[in-house]
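Down below are the structures I want you to see.
Common to both upcoming complexes is subunit A, partnered first by subunit B, then by subunit C.
So, the complex of A and B:
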């Protein structure tokens, strides 16, 4: 394997970068701070290149998919919209009005419609799945109903007591669960960070399974 | 008779989902056409957000972040308009608008069309920065030195040429960091890169399903205040005295929530009747 493709290089770079960034947080030395700032700037530059990379990747993926499909199956809309947006956004960069049409008339309504469809699933789910099958399900049902009523003006209009009850579920019950989740996620991120620094986490370097 | 009852129960339990969807459309649409005008309590968090912005003094800087994608715009749009209407009416404050999400800049331009700018002048009292790529890393650099990640505004003008940027170098110069944050931007990025190192108050608008994940940071004081979904926007519109699309949605939220509750109740009554009669479900 060529030197540039060796996995050890990626692992070493990640570990060195990680050590510098952690040192920047704990040690007040100008040289380390300068290197950390430079690495952060590189991160932003890489992110911009990633946008180009992902666009290219999307084009290649769609072209390959279209070449595999039969004439009847072929759907060009995704690729056409991508090329059109790129053309309007870059070559016609001065024509903000054209880009606004694409954004306001296509991108915005489609995104909002997809998000809005969730409401319809919620309706059928609430009718068919939200049942008092067990003690746990009953508790979920009671807390869910209290929070639903608390979040709508009609809740307090029907019964003012729903506000403190719903608030309690939100700020005590929900808070406890979320704190557990946040702390568990932080510990997980910490352990992944340690594994990256030690070269044990290999998933990002292209190894199947992610590590030992 | 028993057979007939069982038939009705079956029909109700397996009601066509298109009927439910049609009902949903009706209960959402009718209050938008004929508002019910139900009284609305204002939450303490919305009031805290309002008071913090109201207390801004002339000459102080505020960053307003449009970290939201189009999917969340139905809830975050009214929040953005309400927030910006409030900010723009406070005299002589400086507003720097930024986005770390690609669609954020276009969405804030859309929101500004519905905002009363009062006497604020572009480049003197407010500026719109373009989308800054790089997620958390970009935020870290932006907060430490704005010019390291952005040198032009959204219209391509050099920031050094604008008088608003004369006294602004980094986030230490601001009084409040506020904006709307969609699920695409983890709030933890702001906690790690802004609140902990710079100790700046953070006031955000989030979609309503994100409120529970926000609570740990509210209780720890790391997030000063929040607006939750369209209801938060409606409450804020009431506080600033400018009714908008948030208040228009409030009645729809009431009727749709009530319908969900009624359906849950009906589903459970059917379930209990079937169990009492010895059905499988």
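So, the complex of A and C:
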């Protein structure tokens, strides 16, 4: 394996970058802040390369689907739209009106349509969630209804007492649970962060984790 | 010159605990962690997919590499490594979608290495890992379409998700897939609890990889986390009592 591919190098770079960013948070020294800002700019540049890499994968995927030539698996539309957007966005960069048509007439309406689907998913998910199958589901149903009625105008019209009950679920029951959740998750995040900095979390750098 | 002293002290204490318990585990005193139903369900789900000759879907959340919530994606990659090895072992087809282009190279390396470790590097194919778009709804439309075409038997969605959690899980539910979801984001956890057959809640996503891999270092760090939680509980109780008595102080 060549020197450049050596995992130790990538892990060391990750560790050095991480330590600089942590130092930037805790130490108020201009030199460290400058280096941290520079690293963040490098991150943006790296992200651009990732988009190239991912787009390459996307093209390969669609070309393979096209080559299979079965009616169900033919996926030409994605590839054509990708090439068309790239062409309009780069070669015809001066034609802002064309890009605006692509964006406003195709992308935005489709985007909004997909967003609209969430409404249906919310209803089906709520229906399943509010089925009373166990004690926990019953509690969820009661607390959920209280919070829904507290927020919906019809709730206070039906019964004024639903407002303090819904508020209690939000500000006492929910908030207490949420804080416990956040503390535990933060400790877990810290733990995994330290493992990355120490080079002990190395699956993404080309080395399998333990257990093998 | 030193800022955020309270956070620094907390971090140093946790760092010390982590070092101690990871070293202890490395020395052979490996802690036992409780069985997490969702973790057990991962192997079961992959086995089921292999039996049904249907693929397994994996999604590690949709945040970018530079996001502060990227740590959840790292936890998901940890699980992905084990999922890929189990899939290779059981002969199941694994299909993954990168939520963001910056995550793509990390997932690619994780998958390649996991399949190599499992002894089946040929399991990594050009359509094992896909990226559709960094735009959420464009990706969601593509993924939902793919779910319907491929009819996944098992959906594993772990990491920081947004609206896609509902879209993917409801689609998976429609297809009758076994669904395992997990997130450390408090606002997303209820969606997974509601819609998935098994859910990893909060810091369980960090423990999942350790539980699957049985890696002593990772198991040691889980023990350190638990000690940290115990300290937090004690401090909360002390703070509650002091505040109830009208005693206030700040560091």
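Simple rule for what comes next: the second predicted complex is superposed on the first by the 190 of 212 C-alpha atoms of A that agree within 3 Å, B and C clash if a C-alpha of one lies under 4 Å from a C-alpha of the other, contacts with A are read in each partner's own complex, and residues count from 1 in each chain.
As a convention for this text, contacts are C-beta pairs under 8 Å (C-beta built on N, C-alpha and C of every residue); 3 or more make two chains touch, one makes a residue touch a chain.
Here the structure is a predicted model, which is why all the values come from computation and not from measurement.
Judged by the touch definition given at the top, the superposed model places A:16 against neither subunit B nor subunit C. When both complexes are overlaid on chain A, the residue A:122 reaches subunit B and subunit C alike. Once the two complexes are laid over each other on the shared chain, residue contacts for A:182 go to subunit B and to subunit C alike.
When the two structures are aligned on the shared chain, A:47 is found in touch with subunit B and with subunit C. After overlaying the two complexes on the shared chain, residue contacts for A:111 are found with subunit B and with subunit C alike. In the superposed model, A:27 lies in contact with subunit C only, and not with subunit B. In the superposition on chain A, A:92 makes contact with neither subunit B nor subunit C.
Once the two complexes are overlaid on the shared chain, A:84 sits clear of subunit B and of subunit C alike. According to the touch criterion, the shared surface of subunit A, contacted by subunit B in one complex and subunit C in the other, consists of residues 40, 43-44, 46-47, 50-51, 107, 110-111, 114-115, 122, 124, 126, 128, 178, 181-182. On the subunit A side of its complex with subunit C, the touching residues are 25-29, 40, 43-44, 46-47, 50-51, 53-55, 57-58, 60-61, 64, 72-73, 78, 107, 110-111, 114-115, 117-118, 121-122, 124-126, 128-129, 178, 181-185, 187-196, 200-201, 203-212.
The touching residues of subunit C, when paired with subunit A in their complex, are 1-4, 7-8, 11, 14-15, 18, 22, 64-66, 71-72, 74-75, 77-78, 80-82, 85, 98, 101-102, 104-107, 109-110, 112-114, 116-117, 126-127, 129-132, 134-135, 137-138, 140-142, 149, 163, 166-167, 169-170, 173, 184-186, 189, 191, 194-195, 201-203, 205-207, 209, 212-218, 221-222, 224-225, 228-229, 232. Note for the complex: subunit A touches subunit B at residues 37, 40-41, 43-44, 46-48, 50-51, 99-100, 103-104, 107-108, 110-112, 114-116, 119-120, 122-124, 126-128, 130-133, 141, 144-145, 148-149, 151-157, 163, 170-171, 174-175, 177-179, 181-182.
Residues 15, 17, 20-21, 23-24, 28, 38-41, 69-74, 103, 106, 110, 132-135, 137-138, 140-141, 144, 148-149, 208, 211-213, 215-216, 219, 228-229, 231, 250-251, 253-261, 263-264, 266-268, 271-272 of subunit B touch subunit A in their complex.
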